[in-house]
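Paired with chain B in one complex and with chain C in the other, chain A is shared by the two complexes that follow.
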Partner chain A sequence: MLHAIFEPGFFSSGPVHVALAAGGVVALVSGIVGSFTVIRGQSYAGHALADISVTGGSASFLVGISPLWGFVGVGVLAAGVMDTIGIQRPRGRDLATGIVRGAGLGLAALFLYWDTTHSNVTGATITILFGSLFTISSSILPAIVALSVAAVAIVAVLYRPLLLSTVAADLAAARGVSVRLVGLLSLTAIALAVSLSAMTIGTILSTALLIGPAAIGLRLSSRPGLAMAWSALAGLAATWLGVLLAYDSFYWPPARHGWPVSFFVVTLIFVAYVAVQGFTTRVRRA
Partner chain B sequence: MAGPGDLLDVDRVSLRLSGRKILDDVTFSLGPGEFAGLIGSNGAGKTTLLRVILGLQAPSAGTVRVAGQPRTRRGSLIGYVPQKILLDPDMPLRARDLVGLGLDGQRLGIPLPSARRRRLVDEMLDAVGADRFGDTRVGLLSGGEQQRVLIAHALISRPRLLLLDEPLANLDIASEQDVVELLGRVAREQQIAVLISAHDMNPLLPFMDRIVYMAAGRAASGTTAEVVRPEVLSALYGQHVDVIRVHDRILVVAGRGAELAGAEGLAVPSATPVIHEDA
Partner chain C sequence: MFTGFMTNAWLVGTIVAIVAGVVGFFIVLRGQAFVADAVPQGAFAGAAGASLIGVNTLIGLAAAALLGALGIGWLGRRGRRDVATALALVVLLGLGALFLSFSTEYAPEIYALLFGEVLGVSTSEVLPIVVLAVVSVAAIAALYRPLLLSSVMPELAEARGVRPARVETMFLIVVALATSMTLPVVGALLIFSLMIGPPAAARSVTSKPLAALVLSAVIAVVVVWASIAAAYDTNWPVGFFVGTFGAACYAAGRSWAALHGRRSAHPGRWHGAGDHGAGEHGVPAANVRV
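For the complex of A and B:
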């Protein structure tokens, strides 16, 4: 019975260990930071930061460093530029996000072209866009954990001022909170979270890991802390289950090459969201 | 006019922003237990004055003292209720969470649950009549209910001065009455000064100890009988206005031809409710 679920070698495979560790840590970060992203109405900013990290990822292949540093470097830089242009103003928000996203993707187009034509990196585009959870080198694991701790630390330290300035910026400012600084730091945390999940499930799908579990969490609890815990748990469950299914899928049709893990993670999140949405709606009506 | 026991002392405050005079030599003070209305039409300078008192905007001239303290370190002395909050019904934040943020929302780190914290929040929800919906998400509450929760949020840190920016806007008449009564009671019982901005003075008339009437950045303050007179208000507006009392309501009417105050182009408070009043 157990063999039908865990195909042979799942627990002894090195890449699976790294995938479970890196994927798990990143899912927890995305779940926690994502909750604040959704609460603060910055889903578009999160999406844009994920797109922009393509620029960093594609550049990293050209200079021969781990894509992690490309994702993180460009992501954090973009967060700073977005803040400078004026993301803190309600009307400047979409504009700042859109401009920076456009510029970033323009560069990404150039770098990806060079990646595929001038250098000998095969599969760079697929790796950047759709992730490479099973090929993450265990040597990069400590860096992933350190950046994850940094991202969670930012939102944990700013927990109360973040909530307060979300309710009303003036309310926080009247209490001496620097709303601008809090905004910049939270955007930095979002940049870190999407850069990290760009490593595991890819730049295109990292928004799904940021927003999906958070949406599940805030359906399940009215308390901010508890909603974040549910969100982190949902992200973790989807990622681990996704790794398992992807591993098992090496034995599946059509080609016995395995299905991409990113597909499983994102699909599981979506199915869970629909289920939770249907369930909570029914409970509220009853 | 200012005395040593004053909780709020606004002294000759002026503010110029890009050449325009937003506030022009505003002076008034409030003592403990005083419930005051900051009355004026849109653009009269009410919100700007509140921002100056809060310390969010520095005045070009003049001083503001709260319980004798200058601009710095004023935060914990003032409770503030902003004009409106826009919270999605999906936002996981219960009424009691928002009230709890009033206790220590500016602090860093995650708050630890404690019996004392819970008791304080319960007491405050009870005091503003919000105990029924303490566990409901703020985004799901009605305008009047949200107003109560925001008042509890502002009061829980025991401020000496409570500022409210248009708390009656978007409230139905029954909730309007409830909120004003609640604030009058809070001022008396806790001996704090309450300053509430509104474009219509009428809902506040039965409770107001003092009126601060603003027009074109200037202000006149005193009791309603002292301030709401044709001579005083005409000087404030810089044009002749009449004051008409109908039943228990006061109408401020532009001089020429006795047009209703709400008429376009005249910077006088809206008097629309009167039109529908029973004769």
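For the complex of A and C:
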């Protein structure tokens, strides 16, 4: 029975350990930071930052630094640019986000082109865009954990002013909270979370883990702290189950080299969201 | 530069630019940048799926784009709009990743779908693109008045019997159509630059809807021409130039607006829903002519 669920070797495989550790850390951070992203209505900024951090990833192959620093550096830089050209105002915010994303991806196109033509990094496009949890090297785990802690620390320090300036910006300003600074810092936290997840698990999953679990959490509880806990839990569960399923799928048809982790995680999150949505609507009606 | 296979590139590039400029104008006006971004990226899954089962890529693109657009509409009625868009997008991308893992497609072809390959448009691809372009522009022309009214003054539109949900769905279908034809040319990741850069610039130059619409298409054509020429000369990916020139248009538009004091916050100017962020509808301005 147990063998039917856990393919033999699941618990003794090195790549699986790293995937579970890195995926777990990233899922927790995305769940926590994602709650604020959804409350603040910055889903699009989160998605765009994940895409833009790809620019850093593709550039890092060119200059020969670790992709981690490429992803994170460009992600945080883009957060600063977005904030400067007006993301803090709801007016025209999506437009500014989109423009930065377009320019960033244009550069990514160029870098990836150079990657594939000049430096012979074959498959860079796929690795960078879709990521693979099973190919992470365990040597970058400490850096991932450190940056994750930084992102969570920003959210923890900002918890009250961030919540206040999200729900009632005028009141926050009256109480002496710098709404602008809080906005910039929260965007930095989002950038950290998504660039980490974009690097470890690909840009698709990074948006999925940022928004999906947070949306589930906010459905389950209207208290921000509790919603955040649900969100982190949902993200972690989806990621670990996804890794397990991907490992089990190794002998599944048609390709027999395993189905992608991202597919499983995204599907699990989506099914959970639809289920929770249906459930909470029914409970509220009753 | 203007002979042989390049003829197709110029022709298709121009058509794509006009459609992107026209459809993009309403995307900017309605503040649906995220949707316009998500639908093409999601459509990528359709292309991957089509190549897997050996169907024409264009059909796969159109199917996935429609699925994405309708999915966003369906989910958006039940929850937060931006969350719905993000979820619909990632589900399609997840499927795309699955299809890619099944197929034996080479990396360059995937790269072309993502970042565009205007120089590789074959003659057999021109006709479907022309047909889709005509359909998209005709649909926009037919929807022009209700679309403009419900984008700018939703309350008035409803009072006049325009049903916002229906207009919304129709518009999303047009976006999906426009997307599936532009995607192979400009690439999934960068269509969107072409759809919002030129319209945003046009809107900061003129406040008359029709003039802005035409100007938007003209700027888009110029961007595409410049991008094709630059890509031909440098051999760099066309997506890079489209992304950069699109952002440059936006910057130019912002500077123009700043120089001429045409801030979108100025009272009396016409406001789009897009000026007010995530789906909120703004203060109706007095002097809009529809």
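Quick notes on this one:
One rule holds in what follows: the second predicted complex is superposed on the first by the 283 of 286 C-alpha atoms of A that agree within 3 Å, B and C clash if a C-alpha of one lies under 4 Å from a C-alpha of the other, contacts with A are read in each partner's own complex, and residues count from 1 in each chain.
Please note the rule applied: a contact is a pair of C-beta atoms (placed from the backbone, for glycine too) under 8 Å apart; a residue touches a chain by one contact, two chains touch by 3 or more.
The structure displayed is predicted, hence computed values, not measured ones.
With chain A as the common reference for superposition, the partners chain B and chain C occupy compatible, non-clashing space.
Look at A:Arg93: by the touch rule set out above, it reaches chain C but stays clear of chain B. Judged by the number of chain A residues each one touches, C leads among chain B and chain C.
Of the two partner chains placed by superposition, only chain C is touched by A:Ser262; chain B is not. In the superposed model, A:Ala168 makes contact with chain B only, not with chain C.
When the two complexes are overlaid on their common chain A, residue A:Pro224 makes contact with chain B while staying clear of chain C.
Once chain A of one complex is fitted onto chain A of the other, the partner contacts of A:Gly176 are limited to chain B, with no touch recorded for chain C. Geometry note, superposition on chain A: angle between chain B and chain C about the Cα centre of chain A is 80 degrees, to the nearest 10. Per the superposed model, the minimal spacing between any CA atom of chain B and any CA atom of chain C is 8 Å. Contacts of chain A with chain B, set against its contacts with chain C after fitting on chain A, overlap at residues 41, 219.
Residues 51, 54-56, 75-76, 78, 80, 82, 85, 87-88, 90-94, 97-98, 101, 104-111, 135-138, 153 of chain B are the ones that touch chain A when the two sit in their complex. Residues of chain A that touch chain C in their complex: 38, 41, 43-44, 46-48, 51, 90-95, 97-110, 112-113, 116, 122-123, 125-126, 129-130, 202, 204-205, 207-208, 210-212, 215, 219, 254-255, 257-260, 262-263, 265-267, 269-270, 273, 277, 281. By the touch rule above, chain A contacts chain B in their complex via residues 35, 39, 41, 156-161, 163-164, 166-168, 170-177, 217-219, 221-227. Of all the residues in chain C, the ones that touch chain A in their complex are 28, 31-34, 36-38, 78-80, 82-83, 85-87, 89-91, 93-98, 100-102, 107-108, 110-111, 114-116, 187, 189-190, 192-193, 196-197, 200, 236-237, 239-244, 246-247, 250, 264-265, 274-278, 280.
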